[in-house]
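Here's the structure, in structure tokens; my notes come after.
All chains are identified by letter, namely A, B and C, in their written order; residue positions are counted from 1 within each chain.
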Amino acid sequence: MMNREPEQYTTGEVLAPPTERYTVLGWLKKNLFSTWYYTLLTLVTIYILYIVLKPTLIWAFTQAQWQVVVVNLRLFMVGQYPADQVFRIWIALHLLALTAGLAWAIWLPRSRRTGAFLLLIPLALAALPFISSFSRINWILFAVFALAGWGLGTWKPQAMRRPLLALLLAYFPILILLILGVQPILKIVKTNLWGGLLLTMLLAVVGIAVSFPLGILLALGRKSELPIVKFFSIIYIEFIRGVPLVTVLFMAELMLPLFLPPQIVIDNVIRAMAGIILFEAAYMAENVRGGLQAIPTGQYEAAWALGLNGFQTTFFIILPQALRNVIPVLVNQFISLFKDTTLVAIVGLLDLLGIASAVLAQPEFLGKQREVYVFIALIYWVFSYAMSYASRRLEVALGVGER
Amino acid sequence: MNETSIPFWRDERVLKWVAQIVFLIATLAFLWYLYHNMITALAQRGLLPSFHFLSLTAGFDIGQHLISYSRNSTYGRAFIVGILNTLEVSAVGIVFATILGIIVGVMRLSTNWLINKIASLYIEIIRNVPLLVLLVFWYTGVFLQMPRLKEAKFLPGPTIISNRGIAMPWGKPTATWHTYLYILLIGLILAAIVWWRLTLIGKRTGRTPLVSAWSTLTFLGMAVLGWLALTLFAHQAPLAPDLPYIKGLRTVGGLELTPEFMALFSGLVFYTAAFIAEVVRAGIQSVSKGQIEAARALGLNGFQTLRLVVFPQALRVIVPPMTSQYLNLTKNSSLAVFIGFPDLYSVAGTIHNQTGRAVEVTTLMMAVYLSFSLVTSVFMNWYNKKIRLVER
Amino acid sequence: MSKRIFYVLGVLVVLGMLLAACGNSGQSSNAPQAVKTVIVTVQAKGGSNTPSGYGATLKAVKERGHLICGVNSELPGFGYVDDQGNYKGFDVDYCHALAAAIFGDPSKVEFRPLTAKERFTALQTGEIDVLIRNTTWTLTRDTDLGTNFAATTFYDGQGIMVRKDSGIKKLEDLEGAKICVATGTTTELNLADQMAAHNIDYTPVVYEKADQVYGAYDEGRCDAVTSDRSQLVSRRTTLKNPADNVILDVTLSKEPLGPVVRQGDDQWFDIVNWVVFATFTGEEFGITSKNVDDVKANTKNPNIRKFLGLEGEMGQKLGLSNDWAYNIIKMVGNYAEIYNRNLGPDTPFNLPRGLNSSWKDGGLLYAPPIR
């Protein structure tokens, strides 16, 4: 009774790469109308697309009032970060442009795509009609810095290697110092003023950067021969992986203050960061463990045969190889963390989603839910998609999947 | 014994144990320190840990409850209501996400360009937008935009669609329902016997009969026969049709699906399906082409190839990541709080809010989520092991 | 190229570990001063939990150089963020008034947006000095949560708003209705109590945030929405068709809203109380931010002279400077000014004063004498 329609399961033919060139009609026939049910399927799909897209497009271009986004653009981007201090975020961005430009010239000298990314996107953003002239100038500067980095790198690729490495390493601390401030030189901007996309990004960056070493330690702990260490690592990892992030955030927001001695008060942004770090460390550990498991036993044996002790084996032989394998996975973890930071809106922080709620409470913009949510969904999508695209390229460049 | 010549402070085994004991003591001391701080802080506020509050009257109402609940019920019962709501949406969500995920995964492998591109587009869009944003979109952008109750849409059935949710015809158990349940149980047992016999026959003859098909048929046969028998001889079908209608401010009767449930359900299903689709695609693609060609060479037809060769092997690749997707879905259901669905997290939040008992509520909530995860992984591990045995 | 990457990565690992080590050892690390002071605010108090005990809060606030005020970030009229990123609203102005009284500078406030859920924890743990976030004074909250409620700044009552065309006139008409309500509020409990008392079968639809509550109501998700009347009035103006909605003439409960402080610091409690009373007194005397300098220069009235710090040492008794009340009136305004600025006729809300009038006009605002 179940032997029906064997044609439906033609999995075998799928993988053949197209080698011929078709005329438009031929292509249509081959790809859309090859059999009667494909034709039907195509027509039905086109009809559904028409039904869905038409009202959406009409809404987006004629009915939607995007004023709410334009007026509050700064809030969406940096939250309540003081307007007279926003230049610091720009400096951080320019530094990033310089670094990326250098990296482009030195590591990927032939990649036109990277160049297009670095130059055209900021210029396109600068051309947006509704941004302030300050932002416009800065986007142009961004492109200039990227170009300068590229110029430097092309001019003296060898000499620029060390500065590039130094920049890469120092970037994270510099970023934090720039945004937070250093007492006499830069005014301190407290964490409660961080918001919008800035807060989202910082939560994701800090979450990954700090959970990285913790995750490595946990992964090593889980692979350890010491039963107690192993036991604790497993308990921690499995506990955290078994509960939703939002409960960890709930705990960080409400219970962390109880755990700390009475003299120490941490504000809620740092508490959320702590929650995110504790959560991500467990996932990081599992990713790193995946990398560790891919290392053949021969590597351990060879290291021992050379007379290295356990510590040396782990840190000089095994970890470097394992980490190289997990780079793409880490990028993916960063992307999912970037998306997961929206959860801090539930515990009351003004990240991109939190700012969206705050903006929707402005008397003049009540009831503009769709405009606001479509806008922030677009921001999230652009960033995540760009990052996952980059991660796929990275995977190819590293040749990870090829062994 | 040359080991005695090594002084104990350089003996690796001793050192390892010393290191572990130091680690253990440090960890315990740290935990104790946190605990001590917590108890001191709680004592200052007169909130020493106690689960007594669970038996107090909750005093708030919950919009959706699978078991009876009112403001006079206890906090404990409110908690259980939350757990059941989470389980409900997760269970239904898992089933539908799997179905949609498989469909999209297969679409992704389709040679029809349009279908293929739509599947890729769907996957790329959904995977790169945060679930919370999707949920808010489904809720405020779709289900709250349905017509008001006064202008409600009637679909044949009748199914009433309004921004109060969807009311569908459903069955109402009658007096013979209990008898019918027994009949179903017998059907289940018969199906099991059929399964067992056919498997034996299959082992003896080397030909595999359609085991699952025949057992399903047995069960369905029992179900239909029982239904007919009860209707004819007891003059009452086990389920009477329960049709929804509008009465005053609400719909009455039938199965009522609130917009919150629908939004959470759709959000979770569409989000998870995008991931499941990739899992399914990877699974099917992991079966090497040679396997399929070999199967064809042996004279198996397309369906047999899929059922006997491709699927068992793909399943082995699919099951572990699928497990984590199911777990993710269950855990992600905690985002319900943002769109007003009273799931475990949301109810726990309210309880915390009314009682101020952060520690107890957090502990209970985490314990529940943790046990969900454990049960799911235990089950999936068992299943994983089973299909592995079948394959070899 | 790959070699380079893991070189970088190796150094990153080490750096990360160093950072983690800094994180773990808290204040003992050699992180730059700036990072330390912001990330971990170490209060120079040994032993007791957070600033508590007589005078501790004021001392901590003065040492810090600014006040930390817990507010609502999404309640139009009371606490919200404008498009410049500044906090605005009735409750927010009371934070400014408190800062003006303490520092003579209303801008020395740091705002912490809090959800209904977090607000008491934030106060208990000392994360904020004072909670001014449309918080209802109830016996349970006053006792169980280790908090004290200062003088009420806004007398409110819980109301119910419905659409005119629904034909709902009284509570009993809500039989079978869906009612939108925000979680973490007394509103949720009052609703359950009142409906149980009247034996009305209804379904609550509960949201985390006020914005969601009114959004859902406006979309027709609920037949009614319940909240403080002031909130209903202010939110009604922002619905699609304000005139189509009506607030029923029933009051489900009394809702006195005011600032909240931690128990155990009576001086701080007094300061917050008298800052509120000073705004009432300003209105009673007819002193506004516009005429306060004239009044100060010319007045002969001993009560006003005491109020403005010209005689007596009223401020010092509170641990403040003697021109504390002058600063409040000059920099923030009296009660009527604060009210009108945020909720009055010139705002979209145009909320009648009602109970929130001075006792002279038949309202409930009655400040004890400042003498």
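Heads up, the rule we're going with is that contacts are C-beta pairs under 8 Å (C-beta built on N, C-alpha and C of every residue); 3 or more make two chains touch, one makes a residue touch a chain.
Everything numeric here is computed off the predicted structure, so don't read it as measured data.
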| item | value |
| --- | --- |
| Far-end chain from chain A, centres as C-alpha averages | C |
| Chain nearest the overall C-alpha centroid of the shown protein atoms | A |
| Between the pairs A-B and B-C, the one where more C-beta pairs touch | A-B |
| Whole-Å gap separating chain A and chain C, where each centre is the average of the chain's CA atoms | 36 |
| For chain A paired with chain B, centre-to-centre distance based on mean C-alpha positions, whole Å | 28 |
| Distance between chain centroids, defined by C-alpha means - chain B, chain C (Å) | 41 |
| For chain C, residues contacting two or more additional chains | 49, 117, 121, 125, 208, 212, 215 |
| Multi-chain contact sites of chain B, meaning residues that touch two or more partners | 40-41, 140, 337-338, 349, 352, 358 |
| Residues of chain A engaged with two or more neighbouring chains | 254, 257-258, 262, 346, 369 |
| Contacting residues of chain A [partner chain C, same complex] | 71-72, 74-75, 79-83, 107, 161, 165, 168-169, 172, 176-177, 180-183, 188, 190-192, 195, 209-210, 212-214, 216, 253-254, 257-258, 262-268, 270, 319-321, 323-324, 327, 346-348, 350, 357-363, 366-367, 369, 397-399 |
| Complex contact set, residues of chain C against chain B | 49, 116-117, 120-121, 124-125, 144-146, 166, 174-178, 183-184, 188-189, 191-193, 195-196, 202-208, 212, 215-216, 219-221, 223 |
| For the chain A and chain B complex, residues of the former touching the latter | 1-15, 27, 31-32, 34, 38, 41-42, 45-46, 49, 225-229, 232, 239, 241-247, 250-251, 254-255, 257-262, 335, 339-340, 342-343, 345-346, 353, 369-370, 373-374, 376-377, 380-381, 384-385, 388 |
| Complex contacts: residues of chain B adjacent to chain A | 16, 19-21, 23-24, 27, 34, 37-38, 40-42, 109-115, 118, 124-125, 127-134, 136-137, 140-141, 210, 213, 284-285, 289, 292-293, 296, 301-303, 305-306, 310, 327, 331-332, 334-335, 337-338, 345, 349, 352, 358-359, 362, 365-366, 369-370, 372-374 |
| Chain C residues touching chain A - in the complex, by the definition given at the top | 1-2, 4-13, 15-17, 19-20, 23, 26, 32-35, 37-43, 45-50, 73-76, 80-86, 110-115, 117-118, 121-122, 125-127, 208-212, 214-215, 218, 237-240, 348 |
